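Shared between the two complexes below is subunit A, which pairs with subunit B and subunit C, respectively.
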Partner chain A sequence: MAAKGEKHSPLEQFEIIPFTRTEIGGYDISFTNSSLSMIITVAVITLFLTLTVNARSLVPTRMQLISELMYNFVAQLLTDTVGDNGKKYFPFVFSLFMFVLIGNMVGMVPYQFTFTSHIIVTFALASVVFIGVTILGFVNHGIKFFTFFYIPGVPFYMHPLLIPIEIISYLSRPISLSVRLFANMLAGHTLLKVFAGFVVAMPFFTGALPLVFIVALTGLEILIAFLQAYVFAILTCLYINDAYHLH
Partner chain B sequence: MVDEEKLQELKKRIQAAKVTNTPQQKTKKESGAGFGFKISTEIIAALVIGVGIGLIVDKYLGTKPFGLIIFFIFGALAGFLNVYRVMRRIEKQ
Partner chain C sequence: MPQLNPEFFVSQLFWLVVTFSFLLVFLWRISLPRISNVLEKRERKINEDLTAAKELQSEAENIQDKIEQQLKKARSDASELIKSSSATLQEKSQIEISKLEKELDEKINDSSKKIEKSKNESVNQIQGQINEITKLTLSKVTSFEVTEDEIKNAIKNSERSLN
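On to the complex of A and B.
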């Protein structure tokens, strides 16, 4: 098989395949399988949300109920963490949550590319959150936002030590936010492929064993896909909260 | 007055419903691996930033290697601070 030039690396699935080759101003903006996956995600979200709530029935159908559950879930998350101020940020957090969630779920479909398994995608999402929240902090508090790095009630000689630590801790937010999502998706999908390789490689019918394992693992992956979207959303809420309430 | 009472009762019922409904979400126990993952990303992220700042400082101020050493330590401490905050948040729940 290898002689035919077929690859069997478990990492093969993360390869970016450009469908077109476009370059504008030295930047490669080719339409890739990653872009396609994102477009599918956005299309699925838009179609699902519009079609299911289209009827606007007072007694919701099952599908409408799912949409409403998602809406409530994020709305509840915002009111729990940010309070009344959070209502304004619902569209943002909801879009983010749905994009990550459905992106992960679309990635669970066999042969479908998982764009959240690329750090640049998650890092871009996290950067939007980080930059947005920082601007929000300055808009709300002006220059006083810098007191965010100042911890009250600490002996004065500790501040030269604590302020750099606080600043580094603050700057590390987008990295931990993006790495968590990316690494979870990368590890999960690689693991699935590795076990899938065992199914083929093991002799006789012993291959059924890893196959059973894959089925269980797929369930776990779906749980992780949801959990990571949830974590992404809740951390965004917490950061928005920090921009309102310093300490 | 009657409306007030009704409202109070409704409030109580909403509170009760909230109490019975929220634990469902929050008792969602994380796996040990997931927990370890969370902690390690916090430390790594802070270290990456610390080392990055250290390297930049060294490059532009020519203080090689002290910027890296100092900011590496700051990064490590920031990592511990992050972990501490994560733990506190988990305990709150």
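On to the complex of A and C.
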């Protein structure tokens, strides 16, 4: 909380604060709180996955078990949705899942910036998935990939209606994928800040009530942080599956 | 809303690409092979142990079968042995018993003879002592002098009357 009398927006937490002002070839690559958050996320993931499995013990320690559970969780997800074809994409899907999951979790730490609450970040991630899956579809099926928009077993007069719908739904995939994550993070963190504002603003001890809500909402937010990472990963798996099996 | 401010879009994209590429390459090349290595090693170990356990189990079953057969054989052997030995024992004991009976009979005869003999001896002795006592008593109490033959006759008479 800053100086008295100043109005605080619940959106202030999403403000990007540059630590350096750097430009290379006319492009801005300033190191910001968002960049710091990303680096912390990557450091947490790589250190955890490396150190816990360092012993490579046959009977795992608790920490090693966590790494193995994460590995098996994503591997199971991929084989369940894509099957054996999916093994190639495991490193990507695992990285994506961990990046979003730990990014969300790092954002739950007070005063930490949540980079997954920025549409540009989630949209970039979703675009990578979308473009990759589209290329994969054309590599696998060539020009036949366009039959993806043709739904077999439907009366012929429905096609003029269904094909545009299919195309629009396909093209809106990166938007829905990115906005889902972005909006969830934005809403959750904003809600927390709104209730935090109530704690300060309410008279006497009545501020304890919104505080209780904050505690409960924090639990909910942690659940959502996991759930959104899971949704992001499973949708990626489903899109990869679509690139292999056209209806 | 700060999210819609394009001022830092390029910077964020740049750092996203840098960090995510690093993460992807690191996990792909280092972390994930390690974990899958451990998982495979464990699976192999478990499978090996399972097959070893199965082998051991079948081995144990074989041994169990062998033991049971041996037990069966041992039981039948033992029952035969018991039968035959009980027969021979019966014979032997029959012989022993008859021998013993003979010996006992002899001993009984001997001893009954001895008893008879000692009985007669003691009867004679007692007879003599009685005669002596009677003679002494008579001479002390009365003045009768009696011969031994008289005393003998008198005692015989009294014995007869007693009987």
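Descriptive notes on the structure:
The rule is simple: the second predicted complex is superposed on the first by the 238 of 247 C-alpha atoms of A that agree within 3 Å, B and C clash if a C-alpha of one lies under 4 Å from a C-alpha of the other, contacts with A are read in each partner's own complex, and residues count from 1 in each chain.
The criterion applied here is as follows: a contact is a pair of C-beta atoms (placed from the backbone, for glycine too) under 8 Å apart; a residue touches a chain by one contact, two chains touch by 3 or more.
Keep in mind that what you see is a predicted model, and the values were worked out from it rather than measured.
In the model built by aligning both structures on subunit A, subunit B fits alongside subunit C without clashing. Contacts of A:F99 after superposition on the shared chain: subunit C is touched, whereas subunit B is not. Once the two complexes are laid over each other on the shared chain, residue contacts for A:E68 go to subunit C alone; subunit B is not touched. By the touch criterion defined above, A:T218 reaches neither subunit B nor subunit C. In the superposition on chain A, A:T79 makes contact with neither subunit B nor subunit C.
Centred on subunit A, the angle reaching out to subunit B and subunit C in the chain A superposition, using CA centres, is 90 degrees in steps of 10.
In the superposition on chain A, A:R180 makes contact with subunit B only, not with subunit C. When the two complexes are overlaid on their common chain A, residue A:I120 makes contact with subunit C while staying clear of subunit B.
When both complexes are overlaid on chain A, the residue A:T134 reaches neither subunit B nor subunit C.
Subunit A is touched at more residues by one of its partners, and among subunit B and subunit C that partner is C.
Across the superposed structures, the minimum distance from subunit B to subunit C, using CA atoms, reads 9 Å. Touched by subunit B in one complex and by subunit C in the other is not one residue of subunit A. Taken together, the subunit A residues at the contact with subunit B in this complex read 161, 164-166, 168-169, 171-173, 175-176, 179-180, 183-184, 224, 227, 238.
Within the complex formed with subunit A, the residues of subunit B that make contact are 28, 30, 34, 37-38, 41-42, 44-46, 48-50, 53, 71, 74-75, 77-79, 81-82, 85, 89.
Every residue of subunit A that touches subunit C in the complex is listed here, in rising order: 11, 14-16, 18, 27-32, 34-35, 38-39, 41-42, 45-46, 49-50, 53, 56-58, 60, 64, 67-68, 71-72, 90-92, 94-95, 98-99, 115, 117-121, 124-125, 182, 186.
Those residues of subunit C that touch subunit A in the shared complex are 1-5, 7-17, 19-20, 22-24, 26-28, 30-32, 34-39, 41-42, 45.
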